[in-house]
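Chain IDs A, B, C, D and E follow the sequence of writing; residue 1 opens each chain.
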Amino acid sequence: MSRIGVFVCHCGENISATVNCQKVAETASGYEGVVHSVDYKYMCSDPGQTLIKQAIKDKNLTGVVVAACSPRMHEPTFRKACNEGGLNPFMCEMANLREHCSWVHDKGDLTTEKAIDVVRTQVEKVKRNQPLTDIKVPVTKTALVIGGGIAGIQTSLDIANCGHKVILIEKDPSIGGHMSQLSETFPTLDCSQCILTPRMVEVAQHPNITLYTYAELESLDGFIGNFTAKIRKKAKSIDEKLCTGCGLCTTKCPTKKIPSEFNEGLGFRPAVYVPFPQAVPNIPVIDRINCTYYIKGKCKVCEKVCPTKAIVFDQEDEIIEVAVGAIVVATGFGIKQPDFFPEYGYGKYPDVITGMQFERLASASGPTFGEIKRPSDGQVPKKIVFIACAGSRDEAKGIPYCSKICCMYTAKHAMLYQHKVHGGESTVFYMDIRAAGKNYEEFVRRAIEEDTVKYVRGRVSRVYEKNGKLIVKGVDTLLGAMPVEIEADMVVLATAGVANPGAEELAQKLHISYDGYKFFAESHPKLKPIETNTGGIMVAGACQSIRDIPESVSMASGAAVKVACLFSQNELTREPLIAVVNRCAAPLYSTCVGCFLCQSACPYQAIEREEIKDRSGKLIKSIAKVNPGLCQGCGTCVAFCRSRSIDIQGYTHDQVYNEVMALLNEY
Amino acid sequence: MSTDKRLVKKTSLDKLFDSIKQQGKTIFAPKLKNGKVNYEQVERFSDIATDYIQTTQSAKVVAFPRTEKILDYTKSKEGIAVVEIDLQSISEVVIWGVRPCDAAGFLPLSAIFNWDTKDIIYNTRLEKTTLIGFSCNKCDESCFCTSVAGNPGGTEGSDMMLTQLGDNGDYLAEIITEKGKTIVDKNPDLFETAGEIDKQKYLADVPVKFNQTEIKDKLANFFENEIWLQQSLRCIGCGACASVCPTCACFDIQDEEHGKRGSRVRCWDNCGLSIFTLHTSGHNPREYQSQRWRQRILHKFSYMPERLSVYGCSGCGRCSRACPVDMNIIEHLTAIQEA
Amino acid sequence: MSEFEPKVVAFVCNWCTYAGADLTGTSRIKYATNVRIVRFPCTGRIDYMLLMKSFAEGVDGIIVSGCHPNDCHYTSGNFQARRRWIVFRNLCDFMGIDIRRIQFSWVSAAEGAKWADVVNTTVTTIRELGPYTDYKKVANYFEKEVSHG
Amino acid sequence: MDELKKRAKELLETGAVKVVIGYEQGTGNKTRAAFIQKPEEVSRLIFDSRCVLNLAVYLNKPEVKQIGKPAIVAPIPVLRAIIQLASENQFTDDNLLILGITPESKFVEFNKLADVETYLDQHLIEIEARDKEILEKLDKMSVEERWNFWVEELSPCFKCYACRAACPMCYCHRCTVEMNQPQWISVPSHQLGNIEWHFMRAMHLAGRCVDCNACANACPIAIPLNLLTKKTLEEIKVSFGGYKPTLTGGHIMSTFKPNDKENFIR
Amino acid sequence: MVLGIYPGCSLKGSSREYTESVLAVAKAFDIEIKEILDWNCCGATAAHNLSKELALALPARILALAENQGLDEIVVPCAACYSRLSGTQHELNQHPELKSKVVEAIGMEYKGTVGILNIVQMIDKYITPNIESKIVKPFDHKLACYYGCLLVRPKEVLKFDREEDPQSMDTLMSKLGAKPIDWAFKTECCGAGLTMSRTKTVARLSGEIVKDAADRGAEAIIVACPMCHSNLDMRRKEINEYNDQKINIPVLYTTQAIGLAIGLDRESLGLQRHFVKVEI
């Protein structure tokens, strides 16, 4: 039998000015199961709380209703008081007499009646409350970081410096990401590699970081604090332990004319290669698609020249399994590729290049050693046109969003061009200049004012070649939509940043959501921009949305903090207000019939499959099971389950049904 | 009392109806709706269906309604206050157009409701009910009253039995009980004297399909037999058969509660449903449909004759007609007899 | 006889509408006393059978309210709920259940004034519609003695 | 038909299946389910327009499961039910063989559930004109008239649950009406409880009902309760682009589109 | 094989040769072309500037006529008409309430199910598959395929070729043995309806087109739109004045090019009607 205590708070006069608190308490004392009912001036005060604790002891209460302010205000207070009084904290409910009653209604019988009704619903609810205990989930204090760009590097270093183990995987042969390809960075124009490479080396040498390059996530199981990741280490055809990174194989490889990915196709690399001189690790891989040995079955020059016998042609992909407690996804972005801009002739005219290609041309380590030369004939372009928003903010191209970084790097490109080509003429076609960042606007102004870059506000309709020149047809909207035609030597497209081609597949492996553009979705756009909907998985950098370097780095550090918070406990403690699938005696075991339609309804992938087997191991039935580590307690599955086999603790069918009954009937 | 025989003119039937109606009685009679004929409260004689073999549901609803309130209660800290239903409030009912098998069904039903405790509510309802039977001049492949000791002109259970003498003919009225006589007494003009009439030749010819005594004997040692599984494979375990059966008497007691007030209600239950025997522990002694099918047959043809000396079947064939998967009771009983 | 006072139940989510209603309180915006609020974690948790039971137990009007699309605390509970309501409402209407008596709304934690408005307009609508006697008649089977065949 | 019988015989002879679930002649003009377990009994199998019982309902029956792997004679509604059930994890390719029957009563065997799914693309659910007319008639009524119509129609229901038993989609081991803590739906049959039961049944079938009419055919007192599921089917078509059973991709009512259209939320 | 045709005003007037060549080519490939009876104006550029409903009702009536006359598929050789008809069908299928309004206005049953083909689609579907065996004289010329503005736009409605740098005509011409040139004016504006009111503007716009084609060595310009044809062909005098250069490259319809390749009589293709003499 329930023994409920009702405590009606006056809240000074906040409640009692309009509600007859005494009458509320008196009426409540008449309800079946209510053994104690009082009103008091300030329930949340020390004496008020003592009143509750004392009553729990004296009257041996099994449940408490505090009729006071909003539970969003003081529920934790009173649950704590109950706990201290010796009652399970979840046996306490609040009736909202202040925000939902006294403050919104005038003094009168109707207001008091409403207060009585509200108290009664909570009495009937609390009678059906179950003592609950917080959920404890163990934590494996190793983080998996996916992607070795600047975000992945930063987050790995931060987590590792907190004293936690990190496994960093990178799909390419070297870490460094897009940042390693950049020439100089806005708005300071410091050399990208100069600031990045020390961090890359730090990663390689950090005792807490295990680095797997040329590796990708194969699959992921488990949940927050307890993931099991399978990692595919693609065969490099090199024994990493034996290789000293001397580079002999790469210089002797007879297949030398493979377009270099690192140089965006503007230079060449051999079939056994290190993507760039500062690569970490400094260990080559054999590109099996282009290697003569793999194509024709003979060559093996690299094997012959390797002083440490590190070449292993028959090496196979290796799958390793690691246990991790948290994951940071930092897989970066992709760049919209040719065919996308037939009107700009990208792919057709060699001197129409992307911004990233320009980075390589401008980079001291690039194919031209930093000299701006046309890819077609190696001439220095006298006139250059930069087209901003090449694809971005263009619904017709399917990319309505702003790629965010292009305004800045275009200004930088124009500036670099002006610095490198004296007397050169550069024009930037733009829609708007979006330079919201510390020193960003100043940087753009410098390009325009000091470096005399010509900014034309208008779009380019077409680029075509005529007599060895690239004719750029555009419009100057600031001069009354005047058509502009420029005979340029080179055109640079500030191509839209897009999600990585493999983003969707990866998201499905990780069970995280993604938006219509395949960027990974954050849990909340304002308040949880780093977490995903799947507990324990964070996002950092441009895989969530296009980001520049400082943003990526801050986000990466933010993700590291989230991971460190998680790892600061030995066990995760979570409120037990989560869904549970009922279990009952044989032969039913559960009323769940295993249709698993709840799985598609759950926003958190918290519903798993549980197999019930007899003693001989024969499957009796498969039923749903809620993973307490993942469930956030929204209850969507509950309302969806036809057989009502899932219920949500704290808002069970029995509780809410009787709340409604209590509202509408006399007791 | 010995059966008094009278003649009612076909053209007087409506007058008889109106007269009963005027006496303030509620009349239930077969009525056509959605292509099915069922007992409904009927206000006008012309609403009564004429062309039908048998109503979908049985007449038992009058004495044993599908849902009836037994008592009201109010809870308080002091205890529970109970108000039982007022038997006086039960109204006088006439069922018009009861078939012999339906009327005969009240015998096993009454046997169940009186075998230990006398069920006052049931008995009161039955007492306040007058059954005006119409014997059958037609039958269909589901009819088998003659196999269970009934016949298409059987008077058992009825208070008055009307038999139409040929198509468009007048009616022979057999006055069977005092209640029947009361009707005659109230309408002496409508009941003419009848000569010597052999009603047999006006009745339907219902062939005998099996021998129920033989089946009863057989069932005594038939509990473990594979026939139950074979026969019930296509049974989907609904309660259609029990709901339409004139002799099925299983009921459930439910409290319908609204805050401190509530009502205790008696309502039909169905042994065909798996939940019927489900224990709170989760154990179900009749876990499979075959066991529930066995129970249905054994109950009607073995347990009831043994314990109550009356067979639980009047041969109306409603279960076969209502069954969505064609569980034909004649076929199954014949198979048992032949097994 | 005193004027008809509609009984209205509101099923709301904890994160947006319940908080919004709290804000109505802190802003001291007055609204009709007829409404009683039942709190749920999310609109996705709200069971349509509760709406049916409310009518059966005698309410005259119902408010169901949660976070605006894209603002759900649980990201998609309100989207799931919206689908359910589309079908639910259609079926109600088809069965002759008066859907004018069910008001669905999105009220965010910042929309204290909107909450007061939703309550007041709903109460006014229901007051004009009068008590839901059609449903009450069917629900009140106490008054009927038996259900015959 | 001969082809079907031949194949059924073969399957039983080779032991590929233990039972063939099909239709046979029943009492009078009725047809009924047949469970053929011996090759020589395949001659009992029939198929014609009277065979409307949805045989998929037997696939979840424990006694039938105990016989062993079944082959099932499956006209379109049964095929639809099979796919929906498979999507609800009730069986896989391994434990079922499908002897399909085209709308022209031709035999077509399916090797995989996925083939059935593809086949059904050509046979999308279309509500019959006759039923559409009734739905339209009801739509034109006032709310009060519709309410009275349904009170009238549903009041006689005595809750035999034949509709539930005949429905392949109602396979829950414990139906919500059998839950009693809380008791969502009154056990006794009365107007309110009946309305609640049929309402809930229609909601539970929303996005799952394959429109086989088994429920209405099963009702001993001919309540047109399939109108409710038909109405939800129509609404799903209007609001979410229609329902077709699919093996993957979630369920209409457990998925959503952020731009689902409605005009009733303030 | 029966195909409906909606000619529109141009094909009955200034562009008779287009009609002639379409019919001649169709005949050569055993396609029966049935003109929609009682057709009306498609609304062209004027209607949608006045009233949205009118602009939808005019094409809808044409489509309804086609439906009611039992035509499942129609070819619309004029690019502007094609754009209007396709746009209307798309819009009405998307908006049922608009549809019912328009149906009421035209007073005819309208389902919106007729297949609408532009000339290139029609050729692709019914002619290209059988063309190889019919070619008697490969059309071995350098050609500038000119698409104009309406043939491929708007993409979301037509879902045909890519808007910028379209390729379908180029592919088609290659099949005839021609060498389409890569040039910059495929979809540039020809000046369209300004040909009457602002002839100078048209001369400049069309002039750039013709000049680029000529500069890149094209021997002919291939078009799929009567308006484009008029401007590039009929306005050649003004064009040449603008360019201050005499450019004689002819302008041919796709169907005329096909006709020549399969050896049809030049007269039956209406080549004699061009202002710029066709000498290839």
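Criterion: a contact is a pair of C-beta atoms (placed from the backbone, for glycine too) under 8 Å apart; a residue touches a chain by one contact, two chains touch by 3 or more.
What you are looking at is a predicted structure, and each value in this text was computed from that prediction instead of being measured.
Considering the contact criterion stated above, the chains in touch with chain C and with chain E alike are A. Within the contact network of the assembly, the step distance from chain A to chain D comes to 1.
A count of C-beta contacts for the chain pairs A-B and B-D puts B-D on top. Compare each chain's C-alpha centroid with the centroid of every protein C-alpha atom shown, and the nearest one belongs to D.
Each chain gets a centre from the mean of its Cα atoms; the one farthest from the centre of chain E is B.
Rounded to whole angstrom units, the spacing between the C-alpha centres of chain C and chain D is 33. Averaged Cα coordinates give chain B a centre that lies 81 Å from the centre of chain E.
A straight line joining the Cα centres of chain A and chain E is 50 Å long. Spacing of chain A relative to chain C, judged by their CA centroids, is 36 angstrom. For chain E, residues touching at least two other chains: there are none. Residues of chain D in contact with two or more other chains: 156, 158, 174, 184, 188-190, 253-255.
Under the contact definition stated at the top, the residues of chain C that touch 2 or more other chains are 48, 53, 57, 76, 80, 84, 141, 147, 149. Residues 75-77, 258-261, 281-284, 287 of chain B touch chain A in their complex. Only residues 48-49, 52-53, 56, 69-70, 76, 79-80, 82-91, 93-99, 103-106, 118, 134, 138-139, 141, 144, 147, 149 of chain C touch chain D when the two sit together in their complex. The touching residues of chain E, when paired with chain A in their complex, are 155, 162-165, 182-184, 188, 212, 215. Per the touch definition, chain D reaches chain B in the complex via residues 26-28, 30-35, 53, 57-58, 61-64, 156, 158-162, 164-166, 174, 178, 186-190, 217-224. Within the complex formed with chain C, the chain A residues making contact are 70-73, 96, 98-100, 103-106, 108, 110-111, 113-114, 117-118, 121, 513, 521, 523-524, 533, 577, 601, 603-604, 632-636, 638-640, 648, 650-651, 653, 656-657, 659-661, 663-665.
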